[in-house]
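Note that chain A is present in both complexes that follow, paired respectively with chain B and with chain C.
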Partner chain A sequence: MKQEYDAIVIGAGAIGTSVAYHLARAGYQTAVLDRGDIASGSSSHCDAVALICDKLPGIDTKMGQASIDYFGELARTFDYDFEYCPKGCLYICETQPEFDAAENYCRKQQADGYAMRMIGHDELCAMEPHIAKDLTGALFTPESGSVAVSPYKLCFAFVEEGKKYGLESYTYCTIQKINLDPDTNAVRSLETNYGTFHTKRIINCAGAWASFVGRMTGLDIPIEPRKGTNLVSEQTGRLCNHKILEYGYMLSKFDSIHFKRNVSRLVEEQNIAFNLEYTNACNLLVGGNRLFRGYDTRTEIETMRAICERAVRFYPELADIKCIRAYSGVRPFVRDHLPIVSDVDSIPGYYIAAGHEGDGICFSPITGKFMEQIISGKPTDFDISRLDFARFSSGAAAKGA
Partner chain B sequence: MLYRDVCIVGAGPAGLAAAIEAGKAGASVLLVDLNMRPGGQLFKQIHKFFGSSAHHSGTRGCTIGRQLLKEALDSGVEIWLQSTVIGFFPGNKIGIERGADHTEKQIVTVTAKKVIIATGATENAIRFEGWTAPGVMGAGAAQTMINVNHVRPGNKVVMLGSGNVGLIVSYQLMQAGCEVAALVEAAPKIGGYAVHAAKIRRAGVPILLRHTIVAAVKDPDGCVCGCNIAAVDDHFRPVPGTEETIDCDTITIAAGLKPTMDLVKLAGCALTFNPAFGGYVPLHSRRMETSRAGFFVAGDTTGVEEANTALEEGRIAGISAAEDLGLLSSREAGLMRGEIWTRLDSLRFGPFGLRRKTEKERILQAFESEIGTPQALS
Partner chain C sequence: MRDLNDDMLVCRCEEVTVGEIRKAIREGAKDVVGVKRRTRAGMGLCQGRTCEKLVQQIICEELGVGPDQTGTSSARPPVRPVSFGELAKGVID
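Let's turn to the complex of A and B:
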């Protein structure tokens, strides 16, 4: 065990392990700490796809596409297999108004040069033989903008590949205190149950728990936990050929858009947005919802019921397939739906990479790359000033900008 | 949504006894069991019980089962059969899958103030080549087939394990018309009571000590048609050159039981590992309450023993649940529990029983030192 590191990453989820890998690769003596195990938080309680078609046009999509492209490069160069699998995605539209909204979105993304297109009822039924027959159509995103990975294997891949560059990891590590320089307020050391680590740089990658780490040095990081639930089916035949989501997912994700679906009160209350994917092990993952329940990650039976109700509406055969398990996790929610990838003006050597609600897996490669560029004082691949932590002190996010 | 004071999972001796006590005290009780009939293992125990007259000696298990069932129904207990508890959820909610396999199943949510988990035990498996072939099964499964369903598992059986289950089931298989070709035991001496062993010896069953099964022999359809056994050395390793084949169509494994912990784990109760009781068991108090307030345990779930201890523990759990519901005063409940603990001590006696008494004390003490007061979750 070393006493001194160039950089210490707090949090060993998809974001933290990626940041740690990129720093180690760039030559920094790096350690990644977690109060649990690697991938024991949100990164093992989520689904497994990286998409561009669930991002808002603009920087959101730009980061998504850059990250998806980068996933391919990592899959080719990593020895550790994280089950990278390009897999097209269908955003299904239940009604004509949904289809119109999706088409409008699609046109904007096409104008920005992204590969996606609208498909009608017949083509949808041909692509997805088991889907309900009364749907209007779908937004189709090909494999260039939609890939699947194993989220927990991804975290382990970053750690194992990082070890080749000297990365060290400390699991079940609790931070007791973060010490700052009394004169400059710069990062000095961390006191943990493993002892004191001296370092000039810490990167807060604690996701939904980033605000707790922030408070240790008096920082107010406006990230809240937002709960989600997935059901796991028994092993079964190939029910779907793509990652499937309902267009209403967008509506629940970006709650600034108001759109009334024709759904039951239970589905509405539980804020359900159907999504479905098949896994390598031939189970189906069926989701999902977004609810504010603090840090309580117990699965709720009403949520399970509501997910089932909505899932059977789109794939009637799911009614005959058994659910074997359900799990819930928390996503790091930020009011303006953009992550924080930034340094912190008030504390030299303090960095934040957190708040990737629902996009942590997707954005992890590019976030790690950006964070290394920020720390090294290099220009980032493209302008990410909107992800700056300073946006909260200016009150911009509060105004909903 | 259905509301009940107490929901009890498992309608074996522990669950039935708990239901009777809680029901008699005035609680509304829902008893849930995944089997087609209540009674747990009692209805397959066609033999007479040993022990003191206070504990049903000379009475057959199935008779005790019928008495308990009647008493439970008389106490107003509601019983859902072919129903499976699928989870415990926030707000004291319990998800129950209700309905027979051949009918439309339904998920019902029940809100219960107290939960008693009495899910019993699960048979241990022994792995050897071919152990998953049709014809290889647990001794308890074979016993259910003959005594409950009246179906013979096969004609010629090799039994592995000479504990009481292996001995008794061997005898019952013979009563059902099976031939028991051999009883194989890796240890140098018989595990169960001499009286049971003598019975099957008299009937001419060879008991092969210091032997084990190395493989199931399969016919062209993949079903069991024989059993390869071998002598074992002092480290239970097969001795080369001692293999022989016994003709049989059924291999039954009586390798002990482990507590069925799925629901205890789902409820988040603190556990401890106890080899004498068969593996992981929930820490619990003398009131049979776990580390999670309002969640009680009883019977083999708390450590593998036998029907009488399960019954007594079930009574304690039912009394404690009723006490926490305000249906019994602390004094009344305390007195009742005191009497039952005295009876439990008399059951945990003799060479096997004393060890269980010591281990039970260890678990109770660990609860006091590590948990103290059970914690509530909303």
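Let's turn to the complex of A and C:
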């Protein structure tokens, strides 16, 4: 076992494994550590799509599209199959006001050059024969802006492909201490249950747990856990042909978008946004919601009820399909809904790539690429200064939220 | 256990073989959940009720650990398959 690395990545979820893969590929002697197994946190407790149509216009969408394009390249070049599957997405609109709001969003995205369009009731029913017949229409995003992957296989893929460039992984690895240079405050070493690793660079990719790693060197990283739940169906026929979300999803994701749905109190309280997708294994994934519950990832029966209520409303045939499992996880939430991808001014050699909330899988390829560019001192593919950790020290985040 | 053929099915729901489980352990799986994510063993209709003990035995064999170190699949509702319609109505016994 080596004791010295050019870079050590903390966290082996989608972001950490991608960062580790990109650093190894660029020639850095890299190790990725996780306190559990690879993909044992948020990256195995989420759904499986990368979309542009759940992003706000601007840098959010730009990163999404760049990442989705990059997924295709990775799928073609990787030997490890992470179940990459382009599949179109439908944002379904229950009512005319929802349709109008979606259309407004669609126009902005079209103006920026992204492929999406509004479809009416008849076209929706033709594209989705099993959907409820009383919906107004949908926002359709074609395969160019909507792909599915297996999130945990993606993590395994980054690690296995990274091994070809010398990447090493340490699982069930706990960090006891991070040592900084007493004079320069620069990163020097990590003490772990595997021994001491010497390194000049650490990248905090601990997602919803990034704040704990931050505290070890006195950094206040404002990332909070935000819980989500999905239900898994028995293996069944193809109930839907696309990734399906209700437009109200935007409502639950960005509290800046105010829109009232006509839903039950339970659905409202549980902050449910219906979404549905089919998997390679022919199960359906049915979700979802966003709640602040600390790190408690136990599945709540009221959440399951509320998701089912909403699901049966949009796909009545689901009523007779069996649910075999429910799972819950936490997303790394940042108040201004933008991830942190940057260095840290106060600690030379310390980098953060975390806080992607529900976009971690989608943004993982581009985040890994950006982090390698930042560490190598190269310009990033496009300006990501808004993702700088320094935005929190200046009080900019409070104003921007 | 040593006599188990790599072709033998362990997880009947997802059709996962002894050989696939051994490969997952060689790739770094150290417990039942690690094997599950790498192979789908235990992700099917029975949720590991049939195969989990056998997966644990293979882990013990391959890694030389005791059965108390293999972990178990996370216990999650529902206890048995139940329709989305029944769940929506809150009919839970």
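As a convention for this text, the second predicted complex is superposed on the first by the 400 of 401 C-alpha atoms of A that agree within 3 Å, B and C clash if a C-alpha of one lies under 4 Å from a C-alpha of the other, contacts with A are read in each partner's own complex, and residues count from 1 in each chain.
We adopt the following convention: a residue touches a chain if its C-beta (ideal position, glycine included) is under 8 Å from a C-beta of that chain, and two chains touch if they have at least 3 such contacts.
Just so it is clear, the model here is predicted, and its values are computed rather than measured.
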Examine A:Val286 and indicate which partner it touches, taking first as chain B and second as chain C; both and neither are also allowed. second
With both complexes overlaid on chain A, does A:Lys163 touch chain B (first), chain C (second), both or neither? neither
Who does A:Ile38 touch here: chain B (first), chain C (second), both, or neither? second
Touched partner set for A:Ile321, first chain B, second chain C, both or neither: second
Of chain C and chain B, partner touching more chain A residues: C
Touch check for A:Arg305: first (chain B), second (chain C), both, or neither? both
Just chain B (first), just chain C (second), both, or neither: which does A:Asp296 touch? first
Across the two complexes, find the residues of chain A that touch chain B and also touch chain C. 299, 301, 304-305, 326
Going by the contact rule set out above, which residues of chain B touch chain A in the complex? 87, 89-90, 93, 95, 107, 109
Chain A residues touching chain B in their complex are 296, 298-301, 304-305, 326
Flag every residue of chain C that touches chain A in the complex, lowest number first. 14, 27-31, 33-34, 37-38, 40, 43-45, 47, 74, 76-78, 81-85, 87-88, 90, 92
Which residues of chain A touch chain C in the complex? 37-40, 44, 152, 156, 160, 169, 171-172, 231, 233-235, 281, 286, 299, 301, 304-305, 308-309, 311-312, 318-327
